[in-house]
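Common to both upcoming complexes is chain A, partnered first by chain B, then by chain C.
Right after this comes the complex of A and B.
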């Protein structure tokens, strides 16, 4: 079983409040190595400079949205294996379908609970300790 | 005396009622958004330059310290929905300005959910760098709020608790039109 503390995470959201809430939830699950980026463009630069094991990304963001970030990650060989969880709103079924086509590992519907986020991550990595 | 342009005339406006859990955005100067608030909060946010504005209406059962918890995640999501819709309709984040209403304490003896909701909204907007240009929160009366999304004008009537709709006294959607005490404040 993987340890949450050994998995590095990049949280991507244009809202500071949402990044703080996601970080808080990840810390409750046991994650320790957590970085943040305010949009897809910054996230891609961040990942290329220092890869992460997991990206948790919002969809609606300026400059580069979550779907464009996903496509960019999957097209850069050094980081194409990065696990990618997309955060979506309730009405974004079409977005989820497109994200699946582009290789998203899972998605989490806002507003999420800590347990809900944990389950989504565990569906990708297996049960976390 | 406040000048009321034809577009601000409530009788001629297209009314959009925003109930708890909803969010609406418009670029139409003839639209007026209305809501009735008890301990709930309505954030009215607009980009004056783009001429787009919107209103949400939410209630967090327990906003706690505002740093975590499911309720706060719900509140942040409610704000995010409104902001994202504004950005989709041409608003720029750096030009957004907000007015917030609600957060009343309608009954003694109950925990002050309204105050924690107001604190959440103020903290969220501060953290996101969205200035609060005016607000009317707290107190012991329900509020009927009308918001013109393109001009940013807001009209508020305080509503005595006894005259407030049942779902405002015990917030469960959908709200009903409120009886007014006749007090009007312009923001």
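Right after this comes the complex of A and C.
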């Protein structure tokens, strides 16, 4: 049972509002080490400089979208095992399917509740304490 | 919850930006930009608004944004063609979306019928076959309900089986496994990339010393990248071209490594990363991997890559002190240059721009203080003068420098409060669309000079006159599409809104390519309304400017657009109150141009200090044409009390300021004093009589209304160098007052009386 406070998270979304909301939810769940990036490219740079345990990423972003970020993460051994949760705007089957192909760990439909997000993360890491 | 409320505030701020992006993108589409990048940006804007709105449960906004987004998604996917007509519809939809955002914020209402009708229209565009039923039923219950609500109700498990059609099994992972992988990166190996700028060498620093310092932390292996080194003939000996990549093995942390470079901070580009190879290299490799995924621009923000054969021109333009070119991710040199050029027009504001938000009150306070400083400095200078200290003395010279500095501080402080007129211009495309719709005209707004800067106090007051001028241009200026076609013009009229700086003022021009002013009609209306006499001989320009007379309105019937009982005279008066001028020029059949000019700031004024009947007055320099000492033969009496002055080949009325302001009962003879030839905002001239001129000075404007009350003939007050309060003369009001007192041959037609 991993401790939420020991898991580092990188939140990737081009919208400041969404980043703030996700950060807020993560804090309520008990996460402490939370970083943010406004697009896939920045996120990748951030991860290369300092890996994270979990990436929570939006799909539709300028420069590099969530799928491309996922692909890049999975192809780089040192960060290959980063847990990746994709946020989708709605029930976009095609998108989730492609994300599954690229090895996404889980997905979460916006808007979500704190409990909903928690469950999604717990499905990846096991119950959080 | 407070925190959520704070995020909500952020959301609405972000909405403002997104709506502006949306409108900008749609306007580009209307201009024919069909590239995927633009469509994507437009889609993303609506998508983001919807996403945030969903999080806060803003139902009507979510619903409308959803319909909007669905259509944009179809455009993006290519199933709906991206046409100019579509862009026009999308623009109107963006206006309604903006209304929804405002309503969600508690500012204003949404016309639900219009919203529903627009939603139906959007659906019709999305799927022309399925739509007739929806379009004919503009009921508030827009049929979007089928696919949104389930997701919106925050039921994130909903799509697991039903929507996806396959069962998704989350991939579990353990933190330990991650840690094991992270071990691939030896924890004590760091890669330091050092790219010195020429400043580093100029300041007598030395890379070798830095490397030696690094070596103290642990064993190092340095590699020099000289790939950016130009051929000898184009090498600038003072520029820096090389990059060091240093592998350091150390148990110290990043901060310790960074400390080595403490003294060259800013003079070199430094990148420190854990593991072998720099982030840059890994990025470059990974970007190629990601490339095959959709919607990725491989190396969009790539630094200007200068390849040896191509750069001659660029190097010549850039000063040698420019940063040395980046050793470059592996890019094919010939392809690099055109790609970079292509990328420039799409200007994406980077998230890294550092901006400080400051409470405007603090800036206002700063400006007030600087104003005091200016006054104080002037007082000091005056006292030093009174003591008879020689201008060549150290003290006087020091004071000169102080004056210089004070001016510079003042300019810099004013620059802080300067803002681009964009904030006002931004609101205008929507206005034009609405007015065009209302009047049945087709109008396209072209804007120019949106980045022209002007003081915030002026910006706030630009909106009303611009709105009015634009309304006027569309309502009265542009012809109906049919008329335009008949006249051989494009049925779509062009309205141009431009801002520019001209001789220390900001000039706003609103022009249209319509029919121009119908001078016969304007003249006859002015006669009918008793504003002028029928036998008056007026030039074309004078007739055009009749529309600024109080009580003039050309619309046959009062339209609900520009005829709101507010005529151009009100606009003119409000503009004049700001020390501005407005005029119109027109060419029949080709259109009209309104020109509005305002001072760049309402805080300081360049003025001429004069003595009148023992009082000190300041006359705005902008109004003064020249100053002269009249000769007796140039002064001619006119009427019982008035007199005129012959200036070259014309006569201008002489006005004794002392008499007009009530300082004295009897005017001295003009030849005993000095005459300031002034020009009012309307172009009318007058000769102001003063006793003596003290000189030109920049003064800080103190509002009389705020501190006392409005006084006719006085625009404001200021404090002079000796601490005395001096009044700033309102030139136009003075001319008008004098006219009313008598001696004005055409009192019914004030704007034109003195025009030659």
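The rule is short, and it goes like this: the second predicted complex is superposed on the first by the 128 of 129 C-alpha atoms of A that agree within 3 Å, B and C clash if a C-alpha of one lies under 4 Å from a C-alpha of the other, contacts with A are read in each partner's own complex, and residues count from 1 in each chain.
One rule holds in what follows: contacts are C-beta pairs under 8 Å (C-beta built on N, C-alpha and C of every residue); 3 or more make two chains touch, one makes a residue touch a chain.
Treat the numbers as computed from the prediction; the structure is a model and nothing was measured.
Trainee: Counting only touches as set out at the top, which of chain B and chain C does A:26 meet: first, second, both, neither?
Mentor: After superposing on A, A:26 lies clear of both chain B and chain C.
Trainee: Between chain B and chain C, whom does A:15 touch in the aligned arrangement: first, second, both, or neither?
Mentor: After superposing on A, A:15 lies in contact with both chain B and chain C.
Trainee: So, A:103: does it touch chain B (first), chain C (second), both, or neither?
Mentor: Touch partner of A:103: chain C, not chain B.
Trainee: Check whether A:76 is in contact with chain B, with chain C, with both or with neither, and answer first, second, both or neither.
Mentor: second
Trainee: For A:111, select first, second, both or neither according to whether it touches chain B, chain C, the two together, or no partner.
Mentor: A:111 contacts both chain B and chain C.
Trainee: Considering only the touch criterion stated at the top, classify A:55 as touching first (chain B), second (chain C), both, or neither.
Mentor: After superposing on A, A:55 lies clear of both chain B and chain C.
Trainee: Is A:4 in contact with chain B, with chain C, with both, or with neither (first, second, both, neither)?
Mentor: neither
Trainee: Counting touched residues of chain A, say whether chain B or chain C comes out ahead.
Mentor: Comparing touch counts on chain A for chain B and chain C gives C.
Trainee: Of the partners chain B and chain C, which touch A:89 in the superposed model: first, second, both, neither?
Mentor: both
Trainee: For chain A, which residues belong to both interfaces, chain B and chain C?
Mentor: The answer is residues 14-18, 20-21, 24, 60, 62, 89, 110-113 of chain A.
Trainee: Would you pull the chain B residues touching chain A in the complex into a rising list?
Mentor: 67-68, 70, 72-74, 76-77, 79-81, 83-84, 87-88, 93, 124, 127-128
Trainee: Along chain A, where are the residues that touch chain B in the complex?
Mentor: 14-18, 20-21, 24-25, 28, 60, 62, 89, 110-114
Trainee: Chain A touches which residues of chain C in the complex?
Mentor: Per the stated touch rule, the residues are 3-4, 7, 10-11, 14, 40-41, 43-44, 47-48, 50-52, 54-55, 57, 147-148, 150-152, 154, 156-159, 163-166, 168, 170-175, 177-178, 180-182, 184-185, 273-275, 279, 282-283, 285-287, 289-297, 300-301, 348, 351.
Trainee: Residues of chain A touching chain C in their complex?
Mentor: Those residues of chain A that touch chain C are 2, 6-7, 14-18, 20-21, 24, 38, 40-42, 44-45, 48-51, 53, 60-65, 67-69, 71-72, 75-83, 89-91, 93, 96-97, 100, 103-113, 116, 120, 123-126.
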